[in-house]
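Both complexes below contain chain A, partnered by chain B and then by chain C.
After this line comes the complex of A and B, so read on.
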């Protein structure tokens, strides 16, 4: 019972407590205490599923690196030829990356290569995919906590001068 | 409050979802058990991520195939200290990058043949950087080193003089490293190679173990040696990785993300666009990462340049986050030497927090005691000796 109340309360209170809003209307948000950081996400009814992989045990902090991104439909079939725009932001800061990553097709159906990823601050990041394919459009989002693993930064393959 | 309804919905919905999960699970972050100063897991992980023991081996430098060549480094070292490479025979790299002063100098602006337009940067741990200069206008260390040689207010010579000097004084080591005759090679090639040798030397300048590193190691090894840091220093560390959010930019074992940020440094009436004015330099230089004299593979290497966000407006007035290792030993501070003490730096952070001057700096309300403790913590980032690995 009381959590329903809380939910209702939060609907009205949240926009204010969530913090400042910048000029283009983004809301600054603190990191939720519990965050689903899985590397596979799906749209609500499972129409589209996306997952990513890197060459690292943990997504690197301050290292320009690539993601291998796979798209599947509800039947588990690879989704080819999708038009994907990827953006990464830190909800706590209203700032994105210092790179503009680009999504490229690969030889493997349903597999895309994202080059130029760089998480330059530790903490809570959101990576949003705006995916257009076969006349429909979907938004998918990965949550990440970067740079807070005890193993410390990996280095293999990170891009240097 | 104006917001597009859709984007508001997108942002609120997941929040509501997670909020309800939080309510159900109600799971406050647990302190790491075996931990005497009861750091949370997150704090513990961040502290470790700053520790020198996390510093990976030097990453390769694909644009400079001599980067890890010891003979190139010793040639570079000799030139680094050689004041004949200057218009008046008195200025070497070491004039401004003083080994006895954390590889920088004690002036608000570097002083060579004339006065440089920015403060000399400490050049420790350069192998871990992607961009060079306060504005990152050089995309490799070796191309960076060519800048001061031809800068009229620094060394004040040109590449022809560099070729003559190398031929006259370093013909034999040059021949040994580059398998070519400095007198006969094209002037740009000799110039680029000189830069590559200088870079090989600069890469050998590494940070020293500090009190903070000993503390981080002790935490990890469970040795209970937490008295390595005083209460004030420990509090400062907690602020650094927590409330004060310094770790947002000063992160990793070098205490820098190597990126460009607004930190609200007063410009004293002299506008400096910093990173915002550097993108054109990156494109026009003949000694760039993708240029003729680079050893990089233009397809495979250099994604940090290829996918760089070149939004001049967004980066106007931003500067490279400097390392904080050794910081208390080497005032003044900031790209323009605006502050003479860490206390001034910290006061300014408090003053600009959350303002448009420094849109990425916000850290609750720092109290006077917080500033004192932060300063105490910064003091633990210096080693007590002046002998750097060199």
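After this line comes the complex of A and C, so read on.
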């Protein structure tokens, strides 16, 4: 605990010091007027394509659930053995999920299981995939509007995987 | 976590350093350190992108375009407006991989060879006279040690020599005028020692000018001392850099200077609204004076996100060209130890308790959040991307370093 105290002291007792340093943080971004919320996205030149599916008609609000994530290359072949780092953020609110989703390979070539997805607030979310495979690296991004037509936090229909 | 507790990586390192410094007082064990063969702690080998090659980004070029890009890139003089802020041998390797010729090598953040938390990140010492002298001495030692692969580039001719010999050029620069301590004649002495690029303010306002983090109502252009600093830099042959300054200070410095000035590394407010971005007006003022705007590479600054790709950087280059014209644009990577914060936190040098505490804070991921611009080996991606976007070979040569080289010739010699 003393570390936390020390750190907080450093922050609040030495403001001049902190102010002298680079202080770039995340940037709040408004929702674009036109937003592609497709469940399939591809890199600009089509090298890699990703799609997701859930067990639900709509991505659930405030419910832990899983995604089935498919990766295909330019020729439509499944991409296996990829190292995928998934992050989700709300650009309008400068925060991410309350969970840390885990991506794991499956027996089906090109299919990955993402456990622990939880969009805990309604609104505009960005899910970013940082994908490394076969010596290459790609960034893909899904845009989602979650729960805006739902009345509030509702765990019905979401699994606890 | 509340948003007001969002800190940059540098801030957190500094805070952790302060905490680490108090360790013995609390009876905790001191952190074990071993100097490396270079007399310091030159880079953390756990950081993937300290040595892993940058991603070869897929721009969908044809084989013919790829071949052309390869030939063109090999012919270019590539100057990075801010290549790095710390020294590690892998930096030279990365620069060579990327075909980098030279760059503004930023010194003065205490001791560039001793960057671990209990030794280096003492921001109160940054850019002091002592820190600059210590870093310059260390840099000359490193240039001797790596003389087969690296060299000081103290003027235009040296950069051409670096290109000719295939060595990596280091042009010493610094990011604040704190070392002056109001004594303008210290510029003369620093010039004699090899300092060539001086950024007149960092984020915070100083005695010379207003920084980018200054409140709009308090921004001024240049102080009287600032006028004297710019004039003296013109006289001794130093490049005036306003990378971290407020737009007002950039504009006034461009007006006062008799020679071109640069914005070594910054974003653009008209692209992404954040603290380290500047106005179109300031960029035009610098460009109209014959200067250069270096497009920064950090993801938040160019994409407003902690993850981006080199396409975002190219979008920013396009934007800068629309503002300043193709003669007024370059790039300034602003790398500082290519690593993620997560990688830093998992490095063995860091105390677990410090890591556990810092891990609660949201931070700005560094270069590894930028796909295709993870370290200095990524330069070919810029050439390839500019080809994809239809830039002529001549314009690509200007953006990749020709514009900075022109300004260096006009100012430093």
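What we mean here is this: the second predicted complex is superposed on the first by the 125 of 161 C-alpha atoms of A that agree within 3 Å, B and C clash if a C-alpha of one lies under 4 Å from a C-alpha of the other, contacts with A are read in each partner's own complex, and residues count from 1 in each chain.
By definition in this document, contacts are C-beta pairs under 8 Å (C-beta built on N, C-alpha and C of every residue); 3 or more make two chains touch, one makes a residue touch a chain.
Quantities reported herein were computed from a predicted structural model and do not represent experimental measurements.
Undergrad: Going by the contact rule set out at the top, does A:47 touch chain B (first), chain C (second), both, or neither?
TA: In the superposition, A:47 contacts chain C only.
Undergrad: Check the residue A:110 against both partner chains and state whether it touches chain B (first), chain C (second), both, or neither.
TA: So A:110 meets neither chain B nor chain C here.
Undergrad: Touch check for A:87: first (chain B), second (chain C), both, or neither?
TA: Touch status of A:87: second partner only.
Undergrad: Return first, second, both or neither, reflecting whether A:137 touches chain B, chain C, both chains, or no partner chain.
TA: second
Undergrad: Just to be sure I read the superposition right, which of the two partners does A:66 touch: chain B = first, chain C = second, or both, or neither?
TA: Only chain B; A:66 stays clear of chain C.
Undergrad: Counting residues of chain A in contact, which comes out ahead: chain B or chain C?
TA: Looking at chain A, the partner in contact with more of its residues is B.
Undergrad: Quick one: classify A:97 as touching chain B (first), chain C (second), both or neither.
TA: first
Undergrad: First (chain B), second (chain C), both or neither: which does A:27 touch?
TA: Both partners, chain B and chain C.
Undergrad: Following superposition on chain A, which residues of chain A contact chain B and also contact chain C?
TA: In the superposed arrangement, which is not itself an observed complex, chain A uses residues 3, 6-7, 10-11, 14, 18, 20-21, 25-27, 29, 91, 94-95, 139 for both chain B and chain C.
Undergrad: With touch defined as at the start, can you tell me which chain C residues reach chain A in the complex?
TA: Per the stated touch rule, the residues are 1, 3, 5-8, 10-11, 14-16, 18-19, 22, 26, 55-56, 58-60, 123-124, 126, 202-204, 213, 272-276, 298, 300-301, 304-309, 311, 353-354, 356-358, 362, 364, 371-372.
Undergrad: For chain A, which residues are in contact with chain C within the complex?
TA: 2-4, 6-7, 10-11, 14, 17-27, 29, 43-47, 87, 89, 91, 94-95, 126, 128, 130, 136-139
Undergrad: Flag every residue of chain B that touches chain A in the complex, lowest number first.
TA: Of all residues in chain B, those touching chain A are 1-4, 7-8, 10-12, 14-16, 18-25, 27-29, 42, 44-46, 48-49, 51, 54, 56-57, 59-63, 127-132, 139-141, 247-249, 251-253, 257-260, 289, 301-304, 306-309, 354, 359-360.
Undergrad: State the interface residues of chain A toward chain B in the complex, per the touch definition above.
TA: For chain A paired with chain B, touching residues are 3, 6-7, 10-11, 14-15, 18, 20-21, 25-27, 29, 32-36, 61-62, 64-66, 91, 93-102, 115-116, 118, 120-123, 139, 141, 147-150, 152-155, 158-161.
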